[in-house]
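Two complexes come next, and they have one chain in common, chain A, joined by chain B in the first and chain C in the second.
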Partner chain A sequence: MLNVLVVDDSLAIRIKMKGFLKKLGHDIVREAKEGKEAIQLYKEYAPDLITMDISMPGMNGVDALKEIMEISNREANVIMITANGQDGIVKDALKLGAKGYILKPISKEKLQDSIGQIFPEYFCSDNVLLDDNDLDDIFV
Partner chain B sequence: MNDESKVIHTYTKDILHPIIKRVKTYLEEEMNIDVFNTSDITCPKNIHLKKNTVMIGTSGSIKLIITLGFDEVLLNKLVEVFMEGEDIGDCDIEEVTNSIACEVTNTIIGNAIDNPVDSSDIYITPPVLIYEAKTLNKYKDSKFAFVTFITKYGEIELTAVGPKEQFENELEFKDQ
Partner chain C sequence: MELGNISSKRLTLKLIIYIFTFSVFFTLLQSGIDLKQEYDNKIKEINNSVKIIEDNYLLKLSLTFWSMDNTALQLELNSLIKLPGVAYLEVLEEEKSYITIGERLTHDFKEKYLNLNYNHMNSVVNMGKLYIQLSYTKVEEDIIADIISIIIKEFIKYFALTLILLFVVHQLIMRHLIHMAEFVRGFQVRNLNDPLILDKKLNKKKLDVIDDVSMAINQMRNKLLVFINQKEEVQKELKELNQTLEQKVKKRTTDLTLKTNRITDLLNNAAQGFLSFEKDFLVDDEYSVECENLLGKDLKGKDITNLLFDGKSDKIDFFKETMIDALNEENTLTSSLILSLLPSELIINKRAVSIDYKILSNNKFMMILTNITDKKKLQIKIKREQLILKMIVSIVSDSVQFYETKQNFEEFCQDSLLYINSKNTSAVNANTIHALFHTFKGLFAQLYMRDTVKRLHDFESKITDFIESKKDNNDLKNLIDSFDLINSMNEDLKIVAQTLGEKFLTEHNHIKIDEALINKLENKIVLFCSLDNKQNEECKEILNDIKKIKNKSLQYYLSIYPKLCQQLCLSLNKSIYPFEISGERGFFVPDNFKPFINSLIHVFRNSCDHGIETKECRLALQKDEIGTIHCDFKKTKDTLTIVISDDGKGLDMTSLKSKIVRNSLVSQEKLNKLSTSEIQNYIFDSNFSTNENITHISGRGVGLASVKTELDKLNGIVEVKSEVNKGTSFIFMLPMKNN
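What follows is the complex of A and B.
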């Protein structure tokens, strides 16, 4: 189980994100509505993972990411969330140290894939792993 | 609405076409709401913005204000689909509804925005909800482009307003 900080100015997205994370078996430590609040909560709770909206009023997600990467020596695990998939914006975030990004609309599957790329132990955790005997049974 | 000439600046058309397409695919594929009819792009002299209109500004080499206005029944349907299976706890339902109007607009415009002029990135502002219906009249060289989408739950109206520099927040014209 990961401790996750959800950062988004949208109440609707915070509700959806919390729902998906709970269904995936993770725990939401806190939620923030903008960048400065996110930095403060990162310092306080050191979550395993942050989901960070890029476009927020006040301090935006890219500026907050930059500061969190400095504080954490680039060790924080941050997934950026954006509706705007233009190369430059996403590339900037990845260059700054974001571990991945999700293009809206968000879904449980997109979130699971992104988490799995950072934490392989959670990759496709909903899928049942099959061994050779199971495969034999399927193809009989 | 009074339509003037059908001549629309090419880049406005080029920006609107992907947004028009994304409104339809978003409603049909993400929300399971059929779009029965989509109007042509018109250039009215004034526009009436519904209550429940969300505006987003663009910056970079393209400077526009783009709005999506939702009929109330349609917005309630979007809320129902968006929040299906989620626990809204003690959240204020009006706040959730407003947030979903903003989120739907942000996703549609963010997914669709592209730069037909010079391929540089276009940035979009966070969405802002206009709580009261209002009418905007053309002012100096401002231009409006307007499209309506019809569904069984009501309409969505898409408007592009420019140039952005002529407007204050919430689409009030600046004094020149």
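What follows is the complex of A and C.
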């Protein structure tokens, strides 16, 4: 189970995201509406994973990502939430150290894939921690 | 040999030049010093002559002069002229020449006057002067002669010395050196056995440098001999090794070629294009055959980005940047994520191609191209089939609606030009036709007749353009004529005919009865009834049945809308609870109500499109994720009330007001005086829409206006009740008495 910080200015997306994360068996630490708040919450709670919207009022997602990466020495796991046509920005974010990105509209499957890329133990749909042998079976 | 001679001559010449230069320099220096000394002495001697005359002879000369003994004077002067440097002597008596000796010089001389005094009784008597001319010419001549003799002597001396030296040098060094040079030059691996022997006696106890050098050369030769022998042995070994190695390589190469061929065959037959390129984005030599099929012939050295994007610079720039970024990224996850930003499917040369990107270990990029055109075509075909099926199902399950809509539209097509009333302005006429198009579009959309809807949508757009262009009624007529309205349904009908058979279109399930005939029948029954009171009850029954044939129940007409709303909401990514029309089942409406009931589609569309929010929105507002739409009707004594309500976002009064002012429907002042319901009524005004985006479902602003038009025809009124975020209700009230 991962502790997740959800950063998005839209309440609807936050609710949706929380729903998906809950269904995937994760725990939502906190949610933030913009970058500054996200940085503050990251410092306080050091979550395992952050989902970060790119365009937000106030501090945007990329700037927040930059700062969080500095604080965490590039250790933080951040998934960027993007809309179509933001490829250039996504690329910058990945270069800054984001560990994944999800193209809107978000879905449980996309979220699961993205989390699975960072935490291979959550690759399986039913969240059961797999041992290495099981993983081998999947990848063969 | 030649070179040896020339080089030895060159050395000799150098030697002579050195010896000569130095000897001449030093000889000149030494002789110069000697000559200077000699010259100085001679000058001193000459100058001394005057002093000797002055000291030793002057007194005697004065005495002789005093005694006027000319012979003695002559003799004395003769002896004086023999003194070194004295060239001419003259005795002057009061500036007059008294006696001279020697020749008077005109140039190159030094002169001196000496007073001839005589001491006579303690007084000095000046008798005259002795004039002396001194000449240095002789001294200079002597010196020059000396110089010449010195030069000749020294030259002879040094020339001889040089010759001797040369001989010695040649004998001792030069000829040996030349010999050595020749030996070394003729040095060959083949004749290493002949030693260097010099033309001189070799005294082992008194070895000189030349012997040393020659011995060193011989030592070198010996070492070389040993080395070459060793080398030959090693070479022999190497040759053997090489032969075995060559055989091995040959075998391996054959194996490898076989393997490579097999892999190439595999790649070429994989129906996938494999190609690689470096940072310069030029395609490498090796690529599989499928690449040529997809990207064209002779790809080697071509820019891959141009092949993929056909010169679209913005896409190319992003592609290149992203590729390079992915290459430079050390983290493999980030690198693969960056690669995932690249297009995974592209249309290249009218073919759909899926592309996989890989970064190879040698900093090369690899692309795997797969032709997915057929797959895509199939997908599109399936989608099209699905849509057709949807249309067929909705037409069959709602065939009544289909026949009616079709018939109505056909009638409209025939009479379309009649809607152009010459009394009205072209804009009013166009608006009327526009509203009709809109209604038909909505009706066809319910039946999923996509092609027809698309055509009607185009016509609508053209009429909108016409309204803006402000042309007259004749132009409108021409425009409508140009539409070829009657054929707009053809594409869809063709599909229906293909699927369901021609019969479906031609033979309705209903028997068509002329309306006039029914009216005649009705009148007859009424007449009968009035004649015979006993039969009254039966008559009423028959009249009711006829009414059923003539009219259909309101419930029946409205029952299409719940299904429509469900479909609409689905396409808008919203959801609503299923609902039914509630109201009296057996309530029949007259024929003239039909246009109004058909126009109600716009109210339902409005609720779905503008009323009900998206799921996210509803969640955010803490409302039920699924929306609700209601429709019920009630018949009181002389009024029919139809209520259509939703629990959506309600009317936004602020944007409503600003929109009213912006579209100059009413001035700001007037607006402030209006009541809420009056303002809300403006949504029924033509050219009004609160939603900024025009969608295919609603938003042109004519929908609600056409409802109002139909309502007015029936003298009905409408009331809007709306509360923000709670919902909107449309309450239509129609008088039944006159109808």
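What to note about this one:
In this section, the second predicted complex is superposed on the first by the 124 of 140 C-alpha atoms of A that agree within 3 Å, B and C clash if a C-alpha of one lies under 4 Å from a C-alpha of the other, contacts with A are read in each partner's own complex, and residues count from 1 in each chain.
Everything that follows uses one rule, which is that contacts are C-beta pairs under 8 Å (C-beta built on N, C-alpha and C of every residue); 3 or more make two chains touch, one makes a residue touch a chain.
This structure is a prediction, so every number in the text was calculated from the model and none was measured.
Superposition of the two complexes onto chain A shows a clash between chain B and chain C. Contact with chain B, but none with chain C, is seen for A:84 once the two complexes are overlaid on the shared chain. Of the two partner chains, chain B is the only one touched by A:104; chain C is not.
When the shared chain is aligned, chain B and chain C each come close enough to touch A:12.
In the superposition on chain A, A:117 contacts chain C only, with no contact to chain B.
Of the two partner chains placed around the shared chain by superposition, neither chain B nor chain C is touched by A:28.
In the superposed model, A:38 lies in contact with neither chain B nor chain C.
Contact with neither chain B nor chain C is seen for A:52 once the two complexes are overlaid on the shared chain. Once the two complexes are overlaid on the shared chain, A:95 sits against chain C while remaining clear of chain B. When both complexes are aligned on chain A, the segment of chain C among 56-64, 254-262, 380-388 or 686-694 whose C-alpha atoms clash with chain B is 686-694.
When the two complexes are superposed on chain A, the residues of chain A that touch both chain B and chain C are 10-13, 15-16, 87-88.
Looking at the complex, you find that chain B touches chain A at residues 26, 30, 82-83, 85-88, 91, 95-96, 99-100, 102-103, 106-107, 109-111, 113-114, 120-126. The part of chain A that touches chain C in the complex is made up of residues 10-13, 15-16, 87-88, 90-91, 94-95, 97-101, 117-118. Chain contact summary for the complex, chain C toward chain A: residues 318, 321-322, 325, 329, 333-334, 337-338, 341, 614-617, 619-620.
Interface residues of chain A, counted against chain B in their complex, comprise 9-13, 15-16, 19, 55-57, 82-89, 103-105.
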